[in-house]
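What follows is a set of structures to go through.
Each of the next two complexes has subunit A plus one more chain, namely subunit B in the first and subunit C in the second.
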Partner chain A sequence: MDVTEQLQALKDKYKSVEVEVPVPFEFDLGNLTAFDSNGLDERRIKNETNNYLKDLARDGTQLLLNQIFALPTKSSTDGVFAELPEPTTVLPRAKPLPKPKLQTRWEKFAKAKGIQKRKKGRMVYDEQADDYKPRWGYNRANDNQDDWIIEVPDTADPMEDQYEKRRDEKKERVEKNKKQARRNLEERSAVEAGKNPKEVRKAQLEKAIVESKTSTASLGRFDKKLQNEDVVKIKRSKRKFEATTIDASKEAESAMNIAKKVLKAGDSKVINVSKAVKQVAGQASAEMLGHKGKKRKSK
Partner chain B sequence: MLRTAKPRTAKGKRIQLAKEPQLIETTKQALFIRGTTTSQLVSSALKNLYQLKRPDGILFSKRNEVRPFEDPRPLEFFADKNDAAILVVASHSKKRPHNLVIARTFDNQVMDMVELGIEGGVSMEEFKGQKAAIGHRPLLLFHGDAFESHEDLRTVRSLFMDLYRGDATADLVNLSGLEHVISITAVGGTEGNKRIHMRVFTVHLKKSGTKLPRVELEEMGPSIDFVLRRYRLADKETWKMATKVPKQVKEKKEKNIEFDDIGDKFGRVHMGKQDLGKLQTRKMKGLKRAATDDEGDDAGEAVGSGKRQRAEDEE
Partner chain C sequence: MRPLTEEETKIFFEKLSKYIGRNIVHLVDRQDEPYCFRLHRDRVYYVSEAIMRRSVSIGRDNLLSLGVCFGKFTKTLKFRLHITALDYLAQYAKYKVWVKPNGEMPFLYGNHILKAHLGRITEDTPEHQGVIIYSMSDVPLGFGVTARSTGDARKLDPTAIIVFHQADVGEFLRDEDSLT
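Showing the complex of A and B:
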């Protein structure tokens, strides 16, 4: 027997892996998907739907698997893995792209200077305790707050409480950090609202000045002026008094208005405007959708 | 929108962070919801669709009053609460018997949905034989030219693909894990006569005498015949927003790199202008400058004279 004949015999023993289709399939191997745009056999799909669909699926699966098995592979203890290409079909995301987070002042500075974050271990060696302790928090390492003796520096006032001094310093540091965090937040919210953070801060300060000036009994008239201090004009609404003698009909009308309001409130038919607006808006959107659906159906 | 409170625990914070928009999204979660009334046919279809989607789906055990085409807000609420982007709703009424709605959300708002009526089907339980294991990615097949020519059917295809494609961010797939195939065939027709046939098979790989295996299929179910009813397509703006590719993911084209026909790589490099003044020539002892202070004096004089000149000019 010839070698080619032997090969042919071997081939004949098994069913073929080749499939012939008029229009070649499109593949999106990243999604393990094949698209078959060949026209269907109308007679078969009507009369022998299940068999026809199974035949279609078999041929399609064969073509798809031929493509997948031809991909480069990696093998591990769990089996043989095919390396898939990127998906090509455009499918929508579930959520919009994340908005870039605004940098804090430190992050900006670090970027400008090229300072990179370093991973620090959680536990640090504490020489006094001769043990590893957490870097921060309860029972932290190298905590100078619980030294049992502190040397008083030569330059310091001997009566000063060094413990209190350390406590105060720490409090100040914490306060400073909180202040900076607050400032970062304020700046971020200003930028997100599309405003210049500096302008926002300026407006805040100006408002605070006006408020502080109007907070004294004399509305700031006897306050000590600083050198070159800007004169802040304080706008106050003037009190208005009704004329003592007015048209009787006008007076009656205003009285009636008040009476109507009170009576209506008792009638419990007063409309909660904000709630009503929400309801109407909701109905409108639902109606719109229903309308759309109907239109399509009548086509 | 659900009201979002500031998380009080670290765990709560992690959960909230996971719900925030991600740069690279993984598998979309799906909800399978029963409406107020359902038939045996449609609820078993819903259950089977859920079984195919496991473990990335949630099948609601209670009935809910949802009518997606009349008011999508309850759906949007469920989508937001469960962080799911695909919703499958089963219902049954005189007007629309054995009804299944597949809806997809973007940013927790319903973007597009299709309503499929079930005309006939055989559930997964009625097929004997081995079923595919949970969590394996199915192969997907879409047959029929109608998918290309009809916009509504294209949406159907897109929705089914989104539902069952699994984790598309995975770049490896276990060849022995390709256990089942979902075949979806569209038959075009006039409005109200567009049919979609869904069949699911397990794959058996046989020897073929070549490197590639011979594929044989065995039906594992469900087998469902749908007819397309109402639909709502995505509006262009939303679709555009939803298909935006993040800058960080987009591949940057490498400049000045070319490949010739053989596959050799050629690069063009810009060298910048060479400064010949700083050229390092051969060092010789004899050419070294004798004293440095000499040089300093020279420089000082030069600067001084310059200053003097400028002062004179000003006068």
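Showing the complex of A and C:
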């Protein structure tokens, strides 16, 4: 039996895996791409555009797959995988670059003075504990807040509580830091909104002054005036009511509209359950009676 | 004196509709003569337009009352019906309660209505519904709010409260000086 004929027939069914192109393709296997730099056949693209493009695509894909099959493989339980090399083509970003964050006051100052950031270790040696402890936070190293004894300085008031003083100083430092952070945030948000931070702050203060001046029982009428205090005129919208004597028909119409609204809202809300139950029960009994009546009539 | 704002009208009508339901329409749209609601010193007055126009000439401090006082707005902008509104409420009442003669006096002294004093009640009255109280001879005595629905009320013992007292005509004597 000659199987060569059959094999040849089977082969002819599919196109050859070998594709011949005048200029070899360039491949970027990391991105699974092939670049074809051959010229187009103008006659074919005019006469049989679709078929020509399909052929081109097929050939390109065949070449790409040939390359992929030539790569080293790795087999796992899920199947055999080709190991792709690193991509060589640089792809553009999908999103624009993030805008640089606005510098805080300290960062600006440090840049002007040429102060560099130095990396500090997290753990610090604590002499008293003879151990490494965190630089800051809970159980920090060299914490002077709970010293068991504190020397009173010569110049200090002997009755002053040195512990309290230290506590207060620390509180102040924390408070100051928070204030500066807040100020940085405000300035940043103002700049991002395209405003001058100083102007924003000024407007805020002026508003606060007006608010505080009108927050007394007399709306500031009897407050003590400072020397050379600016006279701030406060404009508030006045309450407005309809005139006492308006056209009766107009008034009745508006009242009627409101009444309808109120009644409509009430209708949708309330369902008288007992009434509804009774109605259903009544209908059922009426039907039964109706049946009996018919029977009698038929008799 | 001024007309009610939209919000005030809404609150006022919501309260009224608890007692007379859809009949508030008849108060607004009257066939005989145009009537209107006016607010004066937190009180809402129901007054014919002719009288209202005449009373404009009286100063705010001097004007005591005009038309019929329906009730007043509290400082938290809730509306309280007064007994003076009874004429209109009784006329358009949706749910009614009749009290027996022996229950009239206790109610007129400001007490709630007990089951024992209940003469008749409108069928299918729901719970917490505004109702108008009548004597057995159909004389309006006041108004209140039902404590139980008609169905539930049947099973109660005679000392149980059926209607919570809100206002009664006894107030015309008891609160003579503050009613307007």
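By our rule, the second predicted complex is superposed on the first by the 167 of 299 C-alpha atoms of A that agree within 3 Å, B and C clash if a C-alpha of one lies under 4 Å from a C-alpha of the other, contacts with A are read in each partner's own complex, and residues count from 1 in each chain.
In the analysis below, a contact is a pair of C-beta atoms (placed from the backbone, for glycine too) under 8 Å apart; a residue touches a chain by one contact, two chains touch by 3 or more.
In this text the structure is predicted, and so the values were computed from the model without any measurement.
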Which of subunit B and subunit C A:Leu263 touches, first, second, both or neither: second
Which superposed partner A:Asn66 touches (first subunit B, second subunit C, both, neither): first
Which partner reaches more residues of subunit A (counting touched residues only), subunit B or subunit C: B
Touched partner set for A:Tyr125, first subunit B, second subunit C, both or neither: neither
Subunit B/subunit C common contact set on subunit A: none
Subunit B residues within the subunit A interface of the complex: 20-23, 25, 28, 69-73, 85, 104-108, 111, 137-145, 147-148, 158, 161-162, 165-166, 168, 170-178, 181, 183, 185, 187, 191-192, 197, 199, 201, 203, 205-217, 219, 223, 225, 230-232, 234, 239, 241-244, 246
Sites on subunit A touched by subunit B in the complex: 10-11, 13-17, 30-40, 45, 49-50, 53-54, 56-58, 60-62, 64-66, 68-70, 73-74, 78-84, 87, 89-99, 282, 286, 289-290, 292-293, 296-297, 299
Touching residues on subunit A, where the partner in the complex is subunit C: 241-246, 248-249, 251-252, 254-256, 258-263, 266, 270, 272, 274-275, 278
Contacting residues of subunit C [partner subunit A, same complex]: 1-3, 5-6, 9-10, 13-14, 17, 21-22, 24-25, 28-29, 34, 36-38, 49, 52-53, 56, 124, 126, 149-151
